[in-house]
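What follows is a short report on a single structure.
Think of it as A, B, C and D in the order they're written, each chain with its own count starting at 1.
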Amino acid sequence: MEIEAGIDADELVRMMEACGFGARRLAEAVNIYEEMLSGDYTKFFTLAGAMVPAGMRNIVSNLIRDGRIDVLVSTGANLVHDIIESFSHHALGDPEASDSELREEGVSRIYDVYVGDDDFVRFEELLQEIFPEGGDPMTGTELLRHLGSGIEDEKSILRSASDLTVPIFCPALSDSMIGLQAWLYKQTKKLTIDAFDDVGELVDICYDAERSGIVMIGGGVPKNFALQSMLVTPNSFDLAIQLTTDRPEPGGLSGASLSEAVSWGKIGPKARKVTVYGDATINLPLMVASTLTRLSRRA
Amino acid sequence: MEIEAGIDADELVRMMEACGFGARRLAEAVNIYEEMLSGDYTKFFTLAGAMVPAGMRNIVSNLIRDGRIDVLVSTGANLVHDIIESFSHHALGDPEASDSELREEGVSRIYDVYVGDDDFVRFEELLQEIFPEGGDPMTGTELLRHLGSGIEDEKSILRSASDLTVPIFCPALSDSMIGLQAWLYKQTKKLTIDAFDDVGELVDICYDAERSGIVMIGGGVPKNFALQSMLVTPNSFDLAIQLTTDRPEPGGLSGASLSEAVSWGKIGPKARKVTVYGDATINLPLMVASTLTRLSRRA
Amino acid sequence: MEIEAGIDADELVRMMEACGFGARRLAEAVNIYEEMLSGDYTKFFTLAGAMVPAGMRNIVSNLIRDGRIDVLVSTGANLVHDIIESFSHHALGDPEASDSELREEGVSRIYDVYVGDDDFVRFEELLQEIFPEGGDPMTGTELLRHLGSGIEDEKSILRSASDLTVPIFCPALSDSMIGLQAWLYKQTKKLTIDAFDDVGELVDICYDAERSGIVMIGGGVPKNFALQSMLVTPNSFDLAIQLTTDRPEPGGLSGASLSEAVSWGKIGPKARKVTVYGDATINLPLMVASTLTRLSRRA
Amino acid sequence: MEIEAGIDADELVRMMEACGFGARRLAEAVNIYEEMLSGDYTKFFTLAGAMVPAGMRNIVSNLIRDGRIDVLVSTGANLVHDIIESFSHHALGDPEASDSELREEGVSRIYDVYVGDDDFVRFEELLQEIFPEGGDPMTGTELLRHLGSGIEDEKSILRSASDLTVPIFCPALSDSMIGLQAWLYKQTKKLTIDAFDDVGELVDICYDAERSGIVMIGGGVPKNFALQSMLVTPNSFDLAIQLTTDRPEPGGLSGASLSEAVSWGKIGPKARKVTVYGDATINLPLMVASTLTRLSRRA
């Protein structure tokens, strides 16, 4: 590698292609992502880990607005913090602060990011206001689309997905502040969301996806839900990128190798695939910056 | 440490108490677990990672049958594999096998554990048979209790919980083969599970839990769902043990320190708490063996 | 797994043999270690990480005294703390203490273990006293044998190795407090240790080792030095166990797979080998306890 | 973060400053490195992990040639591969190749990088040729300076350090192929390198360093040797950056927090310091690219 002042993100990644270890994996991730975004693929994106509190929100919402995500699968927490960011900002904090003092001050900590109790109060007010009225049965994705349309901030992931009718799947929606608010709302009003209807909706998309690619940020439910939906179709993912800090050896799905997914039929035996081990708050921006640069040069 | 032939698991752990690093953390976990199981605590247990495929099933079901778990929060996958274990056995495999060859042979791999396609076929048949008829609205925990009562194997986690009326919460049930089967079932029959009703059920338990303790195996949705339910009550966990391979620095909830949970009010400021970093397939058996030995000596 | 009160360490490990993930690896490590200790092997043991401060000292010195280690390769720090333990004790501390306050109090921290400045003063006095007089050229292993003979505590690793004429190799001896003291000593007296003579000494042992086994605690210089010495002989290790927290993906030797060592010819293509990922302060005592139990049953 | 096509590495890092987790740590690392390279500091750089085989060689040698490293502390392996790169190239390989087949083909694997046996033959020939004649006593750094002057390739780390009289410390030189070759050379010729003389040389530099900064790539002997040398002086490091995949919890020095080093007096209580967890083959190029860009804008 020969690094000079002013080098752009893509030049940096291109030089990593001839390196070993993580650098090479990142370079391969960009190659695959370039293929995914320039070719004719149904593009899945899964989001786990506290990516929105960490500042990755606009990367995701811009990808949605630019037509670079066709299906988003997310944890509930990322959507909660997306809503909070629409009216407030997460603050930078100290990962070694006294957590009992923070509690007394009404501050909740997400590693080195702080959220104030007042933000959760406004979150509650907003949510109680924008929950759908009438109580007609909805799927989870319909609920999220409805919530997105009630958010003013156009940088919001939920709002962007709603504007572009990109479906957001959140199989564990009850496992989030949105879930708690939904339960509260149901104490006095009607809200009818079936626990399983989303399954079919995503399976249908997988059936129709002749060629498909997936970017997985972290593991968890989003990774598994996207992969399992492909499992019950004759298709499988053709391109797959995983940015994660989890490893295969402890056996959990979050850290499972992409090769393991081939044994299940979730990813195709000839798929191009790569896992980049490391912090996605570094690797995702670098991957996106490099890929967008390449796409713009092609244009 | 002075290790002699024939040393029992508890003697080993007791010597770890005077050691540093992981050994000391494990010894502290046993001290806390002994307090939890011998005192008057509402006992939560969360289960993430492929613990059932790895062979931890009977540890969990025995804890349930012996009254040592009051509330179980699980991933869907662990319940799926619990059902499969009720009629078949996971096989030991090779983590470096060719995954495309495994696919051709109809074998799905979970790191070094294999499951055959025929097991999934039997799983499907069993599930379609034991899904509740009639279509009356149920919560997720009610559905799981019903499924548990349809399983013959008394070593089953689902069956044990059903027998002892221990509620199992699985907020991401749709994100599992049970979810896929439920969606299939719903193509021709009626099944009405609300996405949010479980939330209130767990919150109620948390409200009533004057003193409570929690053991968390892995992170994920189970960890978050148990902690967030406590969040909306005036209570907080008094005892907390976390066995995990995840670390705090990447910021995700799975690896978040138990101290961080204090800032949210999920765990009490004076709670006894410890995280043991490492593979739970080693640390869970050792912790349980040592604790049971102590309890039996007290008796 | 069926865990009952009073279960001994070996029963626990035996049940792990039918499990997946880390449990299975640990069970395999015990199988290999049983073979190593009961068969006719030259037995190497490498020691990195702060194992002595963490309390693993007597495990190692007992293995030496019982003839279960033929060659020890260690970091300098473990030998330094072995000497300190011969007249004092490491204290249990708080991993989250204020490090600048600790400095003011004259306390040095090793994660959750404390060492006082006064211990280092006594260490200095002792070392300046027991350094060999005369200045005749010595190899590093000869120096360490000499130092060991000057230590009163029979539980000392250095003393035990000296008593049993087990060679201790410490290729980075200058990178430790022993190195600093040696340099100090040399300001006024003569001490002649060649930087490379140890290389030949270990290569000779490797040449003569028709069958050999190695236990590696952590990676670092000890792992590499033992493996590289085998490299230049026609032999290779027949049995290999690695207990580590490092992973292969970042490419460093510490986390390198044992399979990688086969490509170099350090470990034989048909060797039995296993890596157990996790904290060695838990996994080493468990492995040793289980193995010694088996050996005692054989006897 | 708002990422646009063509964004340069420094713009990317600047946006990370307002993010959480790893991104924020990397941004802070660049802030500290900018201060270190633009201010009046004695600049230490420690190099562990297989950074040269992974392609990081020119980054290090350019930093040396540009006067941005005053003292280099390295593992032996990185110097060995620096020499090999001076006449050949490491090849990109497959981390999942059959290691016994690689051995038959005479290929040694370093994760996903290959080195051929013929390269080691040429390495041997070159080294036997450039070892110093005469056998006069030398320190390790003098030996390395001599070797560097015998290397033709100006991109070599050893050659660059030799040209600029930047001392390279390698306390575990015997633990490398250079050590094996030195031992071989000594079978027939004279080579006199004292094991401890380097200690004083580095301590002297530390004594003279009124203000100092350190960049640590990986942990191991290089990290410890640089830190311990400061320990015996009245000084301590004022700036410290650590890029590593190791974590504090297992207690080893490699993963020890920089705060822990404050308790020892190695790093000052008011020092600016940050650890970036992740693969240094990604984080080092990004940190250097961003810092150089800033320095060039200042100029």
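By definition in this document, contacts are C-beta pairs under 8 Å (C-beta built on N, C-alpha and C of every residue); 3 or more make two chains touch, one makes a residue touch a chain.
Remember, predicted model here, so these are calculated numbers, not experimental data.
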| item | value |
| --- | --- |
| Any chain in contact with subunit A as well as subunit D | B, C |
| Most distant chain from subunit B by Cα centroid | D |
| Winner on C-beta contact pairs when B-C is weighed against C-D | C-D |
| Inter-centroid spacing, subunit D versus subunit B (mean Cα positions, whole Å) | 44 |
| Cα-centroid distance, subunit C relative to subunit D, in whole angstrom | 25 |
| For subunit B paired with subunit C, centre-to-centre distance based on mean C-alpha positions, whole Å | 36 |
| Residue numbers of subunit A (touch at least two other chains) | 20-22, 50, 53-54, 110-113, 247, 249-251, 277, 279-281 |
| List of subunit A residues in touch with subunit B within their complex | 48-50, 53-54, 77, 95, 97, 99-100, 102-103, 107-113, 140, 171-177, 179-180, 182-183, 186, 191-200, 203, 218, 220-221, 224-225, 228, 231-232, 245-256, 259-265, 269, 279-281 |
| Residues of subunit D that touch subunit B when the two form their complex | 20-22, 96, 247, 249-251, 277 |
| In the complex with subunit C, residue positions of subunit B that touch it | 1-10, 12, 15-16, 18-24, 26, 50, 53-56, 58-59, 62, 90, 92, 110-113, 277-279, 281-283, 285-286, 288-289, 292-293, 295-297 |
